[in-house]
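Structures are listed in the sections that come next.
Common to both upcoming complexes is chain A, partnered first by chain B, then by chain C.
Presenting the complex of A and B:
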């Protein structure tokens, strides 16, 4: 059984920090469907549209009927462990540094036999559950875990490497003012975070979260304003070397589209916070985090953005805010590419209207802080890249995937009277 | 020696001292806070363009951004609706003679220490005049409260019913304008009006009456405790911004030692 992961000792300042190494990244285009599913925590394989055969490994033509219409579908993530072995060494530096490493074959209930990583708690010939997780190269890999939970199973080194688990990690939340910050901080501490740093802008005026944050043990409130480069650099200088997870929840929003505004003032502030704020944070914290992705138990592991789902398709009643989030979403994709070499994950949480002052005129459903906190912790524990929080975000996602133009036409109705 | 030569000599010898009445432009310096659905005063920001590096090998420079009303700043008549039709009401149009002139300092520091909402009333002004003489026409009147010694949250002193800081009553500011025909009025707080100035009739009386009468404002001043009640000269020249309603500026006073 897995031993409980102890709180790591303080870093030995005489030891060189390990340089990041990564598992192999190269995949065929067909195989990337597995990574796309893993980004959302789904276990999916190709299924032949002609003969329904489930395919493994991913391919361009059906292994039964040579049909080429292979659709990625979620399939039952259950199976039986057939055989397993422990790899003692490897020509791949990543595995060589982590040996011994357990691998084996699993007969899926859906049909195929797959080769995969095996959790150390899986017993021979036992029932297993399959996880499709992103590895440090950002590619989907399969891990079999015991179907019946074991104690501390999340602390297994193989499983932890396929997650961004907050346990024992030091986390920065960038905006003390956001209504969701106290709930998110509490949830992270509940999930085992050792310290939660919280950035507070404009400490020269009171804000409603101050007392709530001061009351939380393990929270440190520090000055940070994402619109002020000097402030971001200063905080990175202080805690950049021990920020394992950065959660960017800084947000500026005002309702209205282009014509409602009549000027570019609020739009500029939205870009300053939602887009350039992310850029400033990445320039200040990114290099330090990238250098620490293999720095022991509490290594740097994830960068989290909380974005409006209208980053995908604009809603003109919040048109300028949506545009700033589209810019932020695009920037997050650049960050994914730039962080990839170091193995630092970028997780985007997409939310619909949140239950706060600026969405007050909108009817429910709205996303409450506990829902964001749950999505965030769950997403980190499962090492996700894309998290859809709440019914509206999921609905917009589904419609966007079905037909972006149809969604755009629905979102841009001119109202009644035509 | 002509008067300028003797002034130069006095500055060199220290017989005339130059006092800096300006706060440093700093991203963390408070600005006025309005209800969030209104447009807001931009904070001071500074972005590095290059610093002797690949972005410009031999030079360092910054792009800066701010509001006309950020930090220690000047209010022109066109800042307020009452002054929108005042001739030469924007900073680029004001005759430059207005930027140098006599100043008097009304010390309200004891009152402001006892009461965050301390009011400058005609009685306070008359009591000051009984001691220091009548306020000369066309002079700057600066209200000393020692508020500039506050920093962080106590500066705006924002509570759930808004900010609390000292300022003139409608009668107080009208007295200075109508009875003394001053050139302008300056404070150590974030505005020429009291923190609770929105609740006077009219709201924000210092802005309303000063600018309606073509007078000027200065706010976020510092070091007023280093000035004598009378006899100093103020130099406050805003940036020459086309149609500008105000400007951050360096405010200096010349004081006889």
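Presenting the complex of A and C:
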């Protein structure tokens, strides 16, 4: 059974930091469907539209009827372990450094046989449950875990490598002012984070979160203004080498579209915080985090953005704010590509309207801080890339996937005149 | 189904092995040229007389058989590229024989060869197959070691085979290899050495694995009449089979495609397993040799462990098996590993095997297996060779 992961000792600065190595990244285009499902934590396989045969490995034509209409569908994630081995040596450096590595063959209840990683707590020939998770190369891989939970199973090295688990990690939340910050900080500490740094802009001004944050053990509030390059660099100089997860929740928002505003003042501020803020943080913290992705138990592991779901499709009531989030979303995709080589994950949490002052005129449902905190911790523990928080975010996602143009038309209604 | 035509009138001659090297600074082109030249010289055939050419290689890229014709100055009217690794020899032979029977070619040179440079094996793995890239290598990147570890694990669980059983087969092959001056493994192997070897991918340990190396093998296919005219020793083809993606419904591979064609294999050759003087199995791991012993009818399914316990698999034993030491002890020279058993079998039935000669060998069975495309070997092949004219 897996042993409990101890809190790592303080790093010896004389020791060399291990260079990041990665599992194989190359995949066929068909196979990327597995990665797309893993990005949302789903176990999905191709199913033939003509004969319903479940397919694996991913392919371009059905191996039962040669039909070419293969649809990715969620599949029962259960099966039986057929055979397993412990690989002691590999020509791939990533696995060589992590040997011995257990893998095996699982007969899925849905039909196909899959080769997969095997959790060390799985007994021979036992019933297993399949996880489809993103690995350090950002590709979906299958891991068989025991169907009956074991204690400390999350601490298994294979499973931990397929997550961005906050346990024993040091986390920076960028905006002390955001109404969700105290709840998120508490949730991370409850999930095992060893330290939560919180960036605070305009420290001379009182704000409602200050007392709440001061009351939390393991929280350290530090000056940070994401609109000020010098401030961002200064903080990165202080804690960049021990930031394992960065959660960017800095947000500037005002209601209104283009014609509601007489000038570009608020729009500039929105871009400064929501878009350029992310860029400044990435330029200051990104390289250090990328260099530390294989730095032991508390390695750098994830970058998190909290975005409005209207990054996908604009809502003119908050037209300019939506535009800044669309820019931020696009930038996050660039970051994903730029961090990929180091194995640093980028997770976006898309949130519907939140229950705070700037969304006050909108009707419910609205997202409360505990929902954001839950989504965030769960997303990190499962190593997700895309997390949809709240009913509105999921509704917009589904409509956007069905037809982005229809969604745009729905979001931009002019309203019937008299 | 109508039984296919037999392979009457076809001769296999001029077996040539270019001695293997662990690492080589030469290319696959060089190795193939060496083996081809070796066979041509042995038979007294000029390069211009070759009008059929068959090639098996993993390390020719970006070339194929096409590029080799220009590279080597050949002008064949029949050209074949066999991408089937361990199954390639019987497949190459079968197709070449048909070309001879049909008059598409007068002399077909069948050659297999690969180089092994420091990084060749790793590079070959990374571009081996799409399913392996997508669904096998991301899981520990164990290559064939991991695949065969899983088959071995399942085989042991299902049929009660032990590591000692696999060890017996490996030890016997090493005894054979000690008589083959070209075998890369020169030291005797004991069962204790086998059992205590470094683990590679449980239950597979060091001596279950072949050593990748550079090497090449070649033989010529022509009409019997031509072989007699040229006065070269030759073997004839009793029968030959190939099969691909058999038993896809099996959850894990415990049998190969031979089971689908084995009856025809013996019927066409007009013989039975008891008539076979020596067996050359494809032996990249001992478990697959066990499966061939079963699937080719030497014992029932699951009984190969008992078979190896009750038989002597060495050259002078009651069941000579992989007489040159096989890949396990001679080395695995890429696609030439698919040819090693064939070339040795031609030597055996023509009485030219030298130190590894099985006394009075007249009928040999050569079996091939190849291409772990995802979770199992997809290609299987076999042929029965008989003495045509001894040297």
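General observations
Heads up, the rule we're going with is that the second predicted complex is superposed on the first by the 417 of 418 C-alpha atoms of A that agree within 3 Å, B and C clash if a C-alpha of one lies under 4 Å from a C-alpha of the other, contacts with A are read in each partner's own complex, and residues count from 1 in each chain.
Note that a residue touches a chain if its C-beta (ideal position, glycine included) is under 8 Å from a C-beta of that chain, and two chains touch if they have at least 3 such contacts.
The shown structure was predicted, so the numbers you read here are calculated from the model rather than taken from an experiment.
After overlaying the two complexes on the shared chain, residue contacts for A:56 are found with chain C alone; chain B is out of touch. When the two structures are aligned on the shared chain, A:84 is found in touch with chain C, with no touch to chain B. Shared-chain residue A:107: touches chain C; no touch with chain B.
With both structures placed on the common chain, the touch criterion links A:5 to neither chain B nor chain C.
Once the two complexes are overlaid on the shared chain, A:254 sits against chain B while remaining clear of chain C.
Shared-chain residue A:203: touches chain B; no touch with chain C.
More residues of chain A lie in touch with C than with the remaining chain of the pair chain B and chain C. Residue contacts after overlaying the shared chain place A:362 against neither chain B nor chain C.
Of the two partner chains placed by superposition, only chain B is touched by A:263; chain C is not.
Against chain C, in their complex, chain A makes its touches with residues 23-24, 26-28, 30-31, 56-58, 63, 82-92, 94-95, 101-105, 107, 113-117, 125, 135, 139, 141-142. Residues of chain B touching chain A in their complex: 27-28, 30, 33, 36-37, 39-40, 43, 45-48, 151-153, 155-156, 158-159. Of all the residues in chain C, the ones that touch chain A in their complex are 121-122, 125-126, 130-131, 133-143, 145-146, 149-151, 153-154, 157, 198-204, 248, 251-252, 374-375.
Here chain A touches chain B in the complex through residues 202-206, 223, 225, 227-231, 254, 263, 265-266, 269, 357, going by the rule given at the top.
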